[in-house]
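Order of writing sets the labels: A, B, C and D. Residues in every chain begin at 1.
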Amino acid sequence: MVKVGVAGYGVIGQRLADGVALQKDMELVGIADLAPTLSIRALKERGMPYDLYLVEGADKSKFDANGIPVKGNFADLIGKVDIMLDSSPGGVGAKNKALYEKAGIKAVFQGGEKDSVADVFFHGYANYEKGVGARFLKLTSCNTTGLIRSVDCLDRRYGIDRVAITIIRRVADPGDYHRGLTNALQMDKAPSHQAVDLMTIMPHVEATGILVHTPVTHGHIITVVAHAKTGKITRDMALEAFKAHNRIRVVRLEDGFLGNASFFRYARDLGNPRGDMYEIGLWEDSIVESGDNIMYAINIPQESVTIPETMDAIRAAMKMQGDSASGTAETNKYLGLGKWK
Amino acid sequence: MVKVGVAGYGVIGQRLADGVALQKDMELVGIADLAPTLSIRALKERGMPYDLYLVEGADKSKFDANGIPVKGNFADLIGKVDIMLDSSPGGVGAKNKALYEKAGIKAVFQGGEKDSVADVFFHGYANYEKGVGARFLKLTSCNTTGLIRSVDCLDRRYGIDRVAITIIRRVADPGDYHRGLTNALQMDKAPSHQAVDLMTIMPHVEATGILVHTPVTHGHIITVVAHAKTGKITRDMALEAFKAHNRIRVVRLEDGFLGNASFFRYARDLGNPRGDMYEIGLWEDSIVESGDNIMYAINIPQESVTIPETMDAIRAAMKMQGDSASGTAETNKYLGLGKWK
Amino acid sequence: MVKVGVAGYGVIGQRLADGVALQKDMELVGIADLAPTLSIRALKERGMPYDLYLVEGADKSKFDANGIPVKGNFADLIGKVDIMLDSSPGGVGAKNKALYEKAGIKAVFQGGEKDSVADVFFHGYANYEKGVGARFLKLTSCNTTGLIRSVDCLDRRYGIDRVAITIIRRVADPGDYHRGLTNALQMDKAPSHQAVDLMTIMPHVEATGILVHTPVTHGHIITVVAHAKTGKITRDMALEAFKAHNRIRVVRLEDGFLGNASFFRYARDLGNPRGDMYEIGLWEDSIVESGDNIMYAINIPQESVTIPETMDAIRAAMKMQGDSASGTAETNKYLGLGKWK
Amino acid sequence: MVKVGVAGYGVIGQRLADGVALQKDMELVGIADLAPTLSIRALKERGMPYDLYLVEGADKSKFDANGIPVKGNFADLIGKVDIMLDSSPGGVGAKNKALYEKAGIKAVFQGGEKDSVADVFFHGYANYEKGVGARFLKLTSCNTTGLIRSVDCLDRRYGIDRVAITIIRRVADPGDYHRGLTNALQMDKAPSHQAVDLMTIMPHVEATGILVHTPVTHGHIITVVAHAKTGKITRDMALEAFKAHNRIRVVRLEDGFLGNASFFRYARDLGNPRGDMYEIGLWEDSIVESGDNIMYAINIPQESVTIPETMDAIRAAMKMQGDSASGTAETNKYLGLGKWK
């Protein structure tokens, strides 16, 4: 059993912990955080299913005052795990890395950290093999993770050499009060970092794109114009590839999937914990041909989309499986991905 | 075991079914709906935990085409239950009533129906006794249900004779695409129907109020200015009463409950199915005195707040418990209300 | 002086009237509407700068009750004009057409009508010549009008043969209460009608695209991936072309044009009537190359963008100028377009 | 002619400058700012109707690079004026005060500064006389200004001794990208500062209230529950008082004033510069009686509502008129307030 810890129990950290808890070949040793946030209070109200450790700077008396049991400090947690999933606020992970190095454990960082924090910039499908046995991995961000799933899906079958993307980005998560946008679309400087990151992970693809922030909370939507190295990818060819993928849900407008909020509602109706969905959505009705290019739109559930690929990262780093096919298959099995087909 | 059916598996119907399923002294016989909506598709993906019956007008071939098992038609369901929870779209419940009458079963209608559909306009705390043994009950709407909880809570202890409310109403539910408001507040004609409805349920209270729609989806916020028949309710007196109530969560800004979206996020973090919360929220930091009046603000989780009082309604109608104290206590026990204290 | 009337004094109709009033070679005879809307009330409060005529079905007593002077009925207005700008609600224009035919006047319809209402589907730059002397013209919709401006701009210089667009659509106008979207992105069936319409106006271009509705009110944003028939359009080539266009404002993020709402604010700060802007915005920072394609993002001020091209349509229909260059130049002169350079 | 300067050409500063320019007994000497913001760029595009002076820290080369003419520095402007309207960002006004003191000029600060910056916390109707001849005045904030207008209106006729308010606050202005809220209502600690400020200006009134932020940009809505010292204010009595006020627009839902965005749209349709409105709106349909209390709802156009009272402040400070009646009458005359009746 690979022993796993989670540093930073925020939006991503909570879901990483839940994800690890579902992997029967991993053990979630505990989670670490700084303050008795709402998420930590909820953990207490749930009866502490995960042990809590305090990172440096935490004021234990605040936890005591709220009756929140503390198992130990961050060093204790580090001492018990083989690998840490670091979902601390951006920049903190880089500082934690020194602790991991000293303790001789591995770590997987999230998209908020700089690429330089890690040896490998990782995606479970597109470059799993690079992560095998690596010590420090960094996951692609939520948009890039979902985008690469879809581009890699076409690339494996038909060979992609160019994509131009438009990211319609959600600006906050449900419950966020520290950031927001009101009645405005906001433009980012092009090219978007997601396009640049895609090229790092998939160096044989030329990518560029434009990102626009929108005042919503339930999922990004990305349109992709993709070009095949040779030949033309027809609508049917694209659809066939997407439908076969275990982390892509192909949906239709006529069935009621009208937008990003439909996926959120559907996941709630499924009874998924937190109303989360691991799969990206892909609208069958959005696929159109443009000359030799194929164009389509996907939905990225930003809070949970990176969880499967992070599980893949553990598998790669800990050499639990040696290639993408077997690594992702194990993750999918434990997360129930593809069983809805 | 009281046998219960649910007509209309929408936002409310789904939650009614889940609520009944948690009551160990009730049996959920099945649910009825018209079309293979996203909610019905989710039911299928979950493995049909509830049997599905089709109401008149449903096209069974559409369910077959999606592989959704159908147990029977609406008449079949009616024939098997003691009481129906009718959460059909507004107006349909009134038509269904004839079927219930013919079959000799009881029914509880939701707030969308006209008051005339029912013998008793019902609230689990404020007028439970009127519902005991009644045949047709109608629940108060979401806002009114939560509002009355808080006013009744003060009324029992201190005697309320007047309230003036301001309802800051959420305009849609998460995932709604058939209604919405964009960058606008919308004023309703005063007095709001919630104030009028409160007077129907609590005839000794004079109530009025103003309702403003806001472009959000996670919970209404209501401010209440309440006046006691005799004496003055101090901040401490109000707080003590609210804290003792099992369907009111008293929270603080400093703990991270910053607004309606915090409750939604907290419920998701709790792992509550659909990210739902049955309790209304009440901000300790909002309670202020104004002359002889006490003023406070509450949060109404619109999708789920009426579920407990609907369970109460079944208990009253079926004479499972004869008074509010014992009826609400049973509901609270099965829904886990108050256990977080 | 060409005599012009405006039928339908709503969001577009008001701006058409203002636009005509600025053309020194045209006379605005009057406007026609059905009810004392806020816009008509505002007209009255402004002292009736434009004469008001009532369309069939209008209740004159309601205007009288509000002290709003009425000049005559729709037939009176039709009898006084050479050409009618019909911005009635969708479908009404088609009915009005019979009146215009009978009276022997010309008409320009807006995007809400079906293409079949008109002899020519018109854009001031892309196919002005087709409209010269035509009797019934229909303007492209707001998005299509702005999109074609930018594509035609590149096409004239470099020859475009293919575009793939992503439309990030605003869902309502400021002050709209009859439509809206709350915390949701909504997907449309692809290809978007704007892409199809572009091909009607510019038949030598293959166009497709995806449209996503967003809950904002201040301007659509469109990303365009454009391909040249021969050679490659570099970033500098595109920028040079865009900067030379009198109806395109090239802006930069660093100057404070952060999104669609910046244009709205800027137009207000300029003191433009209604805070309107006739130009589309184009972000210099959005222009990127993708293989042989050029990609860029534009902002469409939906309420006012079609006004200049509608003035062009009058010029074409009435043979005031015989080609696009001279027709658009006259419109630009009177609307002050390009003078900010 | 009283010579006036404006320090800080932001949302409020621009409108102060426009307001002063309309007062025929005042001269706008110029405005001062720090950077070539969009507002300053718009000033340039308009042909510099107001002279621009640079405050300390400004980089003149940036203005030169954009071809924006600069008349002098802040000291030059201070040297030319009798009184400065300081609408600098919060906290800067307090620093500027030393410059004003040294130069022997008077100043009016906006709501963002601390009360201690001024000798008198001022409202044109409620305490004009306290400002007569005063050296440093501070205006009430936008919400407080509009709120006091309505409470003072009732107080003058009927004597008010208590109010309880609920503020439904817009969270950003149109075009704001530095603050925002997405799909969330946010609660503030009670009592709201507006209630506290009201008591400072109107010490004979006991006030309290709750403020909730909402994700919209077009105007705050406030509900007020007001109590008369003696007797009861009926709906008709309140309506009569409100209708007689020159800075209150009484409107009806049935006429199309559906919410805060209707006022914004109406002001645009009026052709008001920037789509601004100086009056607060008051819904006739919102007025209801609650025991001895009267309850009503008002709309506060946050960007422009303080302009009239700031003009009043100049009149008081410079002893142009000696009492509220004559001071506000002059302001109203030049701003056209009340002429729409």
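Note that in this section a residue touches a chain if its C-beta (ideal position, glycine included) is under 8 Å from a C-beta of that chain, and two chains touch if they have at least 3 such contacts.
None of the values given here were measured: they were computed from a predicted structure.
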Chain hops separating chain C from chain B, counting only touching neighbours: 1
Label of the chain whose CA centroid is most distant from the centroid of chain B: C
A-D against A-C, pair bridged by the larger set of C-beta contacts: A-C
Rounded Å distance, chain A centre to chain C centre (Cα mean): 42
Centroid distance [mean C-alpha coordinates] between chain B and chain A, Å: 36
Centre-of-Cα separation between chain D and chain A, whole angstrom: 47
Interface hub residues of chain B, defined as touching at least two other chains: 174-177, 182-184, 186, 215-218, 257-259, 261
Partner chain C, residues of chain A touching it in the complex: 162, 164, 166, 168, 170, 183-187, 189-191, 206, 208-210, 212-219, 221, 223, 225, 227, 253, 257-261, 283, 285-291, 293, 295-297
Partner chain A, residues of chain D touching it in the complex: 171-172, 174-177, 179-184, 186, 215-217
Touching residues on chain C, where the partner in the complex is chain D: 14, 36-39, 41-43, 45-46, 174-177, 182-183, 218, 255-259, 261-262, 264-266, 268-271, 273-275, 340
